[in-house]
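Got some structures for you, see below.
Both complexes shown next keep chain A, but they swap its partner, so chain B is in the first and chain C is in the second.
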Partner chain A sequence: MYHHRLLRSIAIITLAFLFVPLFLIVLTSFNSTDTISLPLEGFSLAWFSKVFASRSLMGSLKTSMLLGIFAASLGLVIGLFAAIALNKRKGKFSSFLLSLFLSPSLIPGIVIGYVLFRMLVVLLEIPLTTAMLLGHLLVVLPYTVRILSAGIRECDVSIEEAARTLGCTPVQAFVKVVLPDLQPAVLSAFMLAFINSFNNIPVSMYLKAPGMNTLPYAMMNYIEYTYDPTVSALSVMLMALTLVFMVLSDLLAAHGENRRNS
Partner chain B sequence: MSYGTLKDITVSYDGKNNILENLNLEIGKGELLSLLGPSGCGKTTTLRVIAGLMPVSGGTFTLDGTDMTKVPVHARSFGVVFQSYALFPHQSVHDNIAFGLKLRKVSASEIEEKVHKMADLCGISEFLDRLPRNLSGGQRQRVALARALVIEPKLLLLDEPLSNLDAQLRIQMRTTIKRIQRELGITTIFVTHDQEECFSISDRVAVMDKGKIVQCDTPEAIFHHPTNEMVARFVGFRNFAPAETYRKLGARQVPDGLCCSRPASFSIIKETGSALQGKIEVRSYLGNSYQYEVGTEAGVFSVSSSCEPPLSVGDKVGVSIAGEDVVSFGA
Partner chain C sequence: MIVPWGKPMRRSLYVAFLIVPIVLVVVFLLIPLVLSILPTFTKPNGGWLKYKTFFTDPFTRTIFFRSLRLSLITTLICVALGLPTSYYVSQLGANRKRILNSLILFPLLTNAVVRGFAWISILGKNGLLNQALLSLHLISSPKQMLYTEGAIVVGSVYLFLPTMISTLTPVMERIGSETIEAAYTLGARPLTTFFRIVVPLSFSGVLVASVMVFAGTISAYTTPTLLGGNKNMMLSTLLYQQSNTLSNWDAASLIAFIMILCSVGVMKIFNLLADRLDKRG
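And then the complex of A and B:
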């Protein structure tokens, strides 16, 4: 469409800026030297096996996975109810409440972490594991509420009404007819919630219990003391995982889209 | 004796502006009644009130002697066909039709029997395994109709069911609907803004305007004897003028009050003679006739005529009308 030389150069530079570092990380993770450096000296999978051997990294990976799954599941359930209430039973405060639900994504994470720490840990003396889960719930909630709200708004209201005229109670109509239609939104909400919990550093930093580490935090700790490409190897694995997630979520979204358009 | 009765139904979203105001309507058993009116007149709202999808602020709805006003949607057992058809996208045609029966805990063998019978009646037997997305508009329409009818509803409610179909299919579908309605003898309420569609299918027509029913009668009576200006305009009457004007046009017997007539009811002749004299100001071609705007000393009249050769702008003509072609609303 746009055959402008300057525009094209800017596009190329931007893409390079985004992808060259990632490309270099991938490249160096297979390098046989024990520093992140170029040129490559030889091919090795040593750093990948070192990741699996590291107890701190594997332990924190498990923590992050569990935390992500729990936070995303909880966020999904609460987000679903919130989205139903905000979109189906509109009242005076609906738009205010929606903004409130979305606000954690606008406030800097470091502030949320600090506030939660003061509130949950210092003031209420809630156990740290619970506090951590609540903190991550707050991080994921804006995403689940937003995606599920959009999903609910796109659903044809008359489908639900048709189910009701055929004999469904409101709850039956939702479970039998609306929820299956909402499936792509539910899945993409879950994935986005999981990824955001998994990536989070600032909230975890304040709320983590002694000896408990989330993966991003453990990675930061690791490179503070060692400069070998182990973290590169781990990053490559995480990128691959994210890529799989993204492709899956796109496929599901496209599937849902096809169904709606037909 | 009336089967269903809406009495003093009032609906308001905000407690101030009424969408429906003291609406009264009666429907006989086995009758096909249409709600006809321009968009925003409250016809769909009325249908939703009957279905139970819209809460009322006042009034009662009784059916077959039972007060239904407070009965929730799912307990009413009415068949509703929505404008968008509202088929369940993730279910096959068969499962869409069987949906209501499954909720009623009908036995599997009976479900099969009823689904197939209804699919036959609606002409969709060969599509039972398909998903709604693989059907054409007319086929979806039939599935929606079968799904609504298979539960043997006490009332069938159709919300502009034909508006998403092309012209030819509409005529075919409205015949289908009429045939099935007759065959099952099911009391039906049909919402539409299309006058021709409405008149062709209905036993009685309720014309609505601004949240009220302005005339409820047989299609013939509404077409020939509208009782107020809005209905008259809606069914094609023009040339609104006081009785004195019409007397000058030759309709000497018309009673006092506002009168109107259809453009096609006039005779237009080249010689003047006894008719009111006028001059053609505008001519428009309508396909099978011409419409002329004729300026006279009593005002401008819309007159249509298929006389050949057509008259041209500036021609001096005489216009007249017979008394029985004039509708008067009294003083």
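And then the complex of A and C:
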């Protein structure tokens, strides 16, 4: 519309700045030389097969996946109950409790990792795996509580009341009427929680058991000792995963819109 | 504000639903946090003296001010680039806007190690940028770009620019085309409109996004480790070194407290400012 050339140029350069580095990684991951260089000398999938062949990388991928699914699922259930309670009863403390549940997102991740390590692992000698799960739950809790609270607030109250008038118990009304309405929020809460657990470094770094790396941390270690396109290939795989998540949540959101409108 | 709906829940159920997250946050985060930080004040030969030492010792003082300085520079660059970009995105048609919005979201959801690695391969001694500059004969020998403060800033801007843009775009959309058209009708030129109308109207949004960028940069660990190296330590890398390598709990707790003060303090100040602006506006 009314664009000034200067402003538009800054915008386009900024957008390029955001995407070019990721694009370069994709390019170099297919290079046949063992250095990260351009122009490409030949097309090769060798780096991808090297990722699959690396036991430490694949093992850490599995760890991160399991940890992410576990933390996101549990965080979702805890967050759902919390969001229901906070919105269902105007307790004196509801507002305070909401900020309490969001507070882990205000504390630097590295401080959370350090404090859990110092107190739970060193002082109380809680097993590392338990501490790791608790740490990741703390990381995902603010996301699930925030998204589900917003989702519940947007739900149509009259439908639930209608269900109650027609003889549903509160639980029935919730499961049959409110929960389907809440589905998009539940899904996006789960995905955001999973991604944040999966990508987390500072908490995992402190609480990982010996020999049990998470993927981002294993990648960081790998970069420290070797500099070849293996990490590029792994990065491309992670980007593909992110893309799948985004398309999935977009489709689900569109599906939810359609259902609501029909 | 929390607005309750439907019939209020029984108190016992309310407590039952909330007890798990309360225990999780209070028992496993807040109490350990307080218990780690308290000794930095109470221990003999400690207390304020330790904090005084932290701010007078050249080594730690340099790291503290580097963290503040780099976070501030990162925030300013994000504002300078984010304002025109989000304005541009907000003015696009619905379809192109949707595509660009998801493209901007994409780096945000991509692992910080991946994003840091991208800049290692660009800025490294044998990196893509040095290769390009050498082949264009703009430089005669590779330049040291990685492991500098500049590399940390570039990486942090890269990390938090999507946050800035995706926070500002809805703010810009709320300004509405009528306001902008009115400015044009009254004879304002595009740049004048941008600086006199769009920027002031989105100022509270800029404050909110700046807090996120500043707090994010000052607490980030991955980016300064990958791009700053050992010479350019930040508070987060110092905290990790003190606790994990040296098991120096007192020093680590002190740094942890200073980091919390920095991010939460800046948050409080900026939110206060944003509230003031909202009331005035």
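We adopt the following convention: the second predicted complex is superposed on the first by the 256 of 262 C-alpha atoms of A that agree within 3 Å, B and C clash if a C-alpha of one lies under 4 Å from a C-alpha of the other, contacts with A are read in each partner's own complex, and residues count from 1 in each chain.
As a convention for this text, contacts are C-beta pairs under 8 Å (C-beta built on N, C-alpha and C of every residue); 3 or more make two chains touch, one makes a residue touch a chain.
Keep in mind that this is a model prediction, so the values were computed, not measured.
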So, after the overlay on chain A, do chain B and chain C clash or fit? They fit
Partner touching more residues of chain A, chain B vs chain C, is chain C
* To do: For A:V177, decide between first (touching chain B), second (touching chain C), both and neither.
  => first
Is A:T169 touching the first partner chain B, the second partner chain C, both, or neither of them? first
Please indicate which partner A:K62 is in contact with in the superposed arrangement: first for chain B, second for chain C, both, or neither.
-> neither
Review point. Looking at the overlay, what does A:I159 touch: chain B (first), chain C (second), both, or neither?
Key: first
Can A:I110 be said to touch chain B (first), chain C (second), both, or neither?
second
In whole Å, chain B and chain C in the superposition are separated at their closest C-alpha atoms by 6
Shared chain A footprint, chain B vs chain C, residue numbers 161, 164
Given the complex, residues on chain B that touch chain A span 51-53, 72-74, 76-80, 82-84, 86-90, 99-100, 103-104, 132-134, 147-148, 151
The answer for chain A against chain B in the complex is residues 156, 158-159, 161-169, 172-173, 177, 180-181, 258-260, 262
Seen from chain A, its contact residues with chain C in the complex are 1-4, 6-8, 10-12, 14-15, 17-19, 21-22, 24-25, 28, 35-38, 78-79, 81-82, 84-91, 94-95, 97-98, 100-101, 103-104, 106-112, 114-120, 134, 137-138, 141, 145, 149, 153, 155, 157, 160-161, 164, 170, 195, 198-199, 201-202, 205-206, 216, 219-220, 223, 227, 231-232, 235, 238-239, 242-243, 245-246, 250
In their shared complex, chain A is touched by residues of chain C numbered 1-9, 11, 13-14, 17-18, 20-22, 24-26, 28-33, 35-36, 81-82, 84-85, 87-89, 91, 100, 102-107, 109-115, 117-122, 124, 126-128, 131-132, 158, 161-162, 165, 177, 180, 184, 189-191, 193-194, 215, 218-219, 221-222, 225-226, 236, 239-240, 243-244, 249, 252-253, 256, 259-260, 263-264, 267
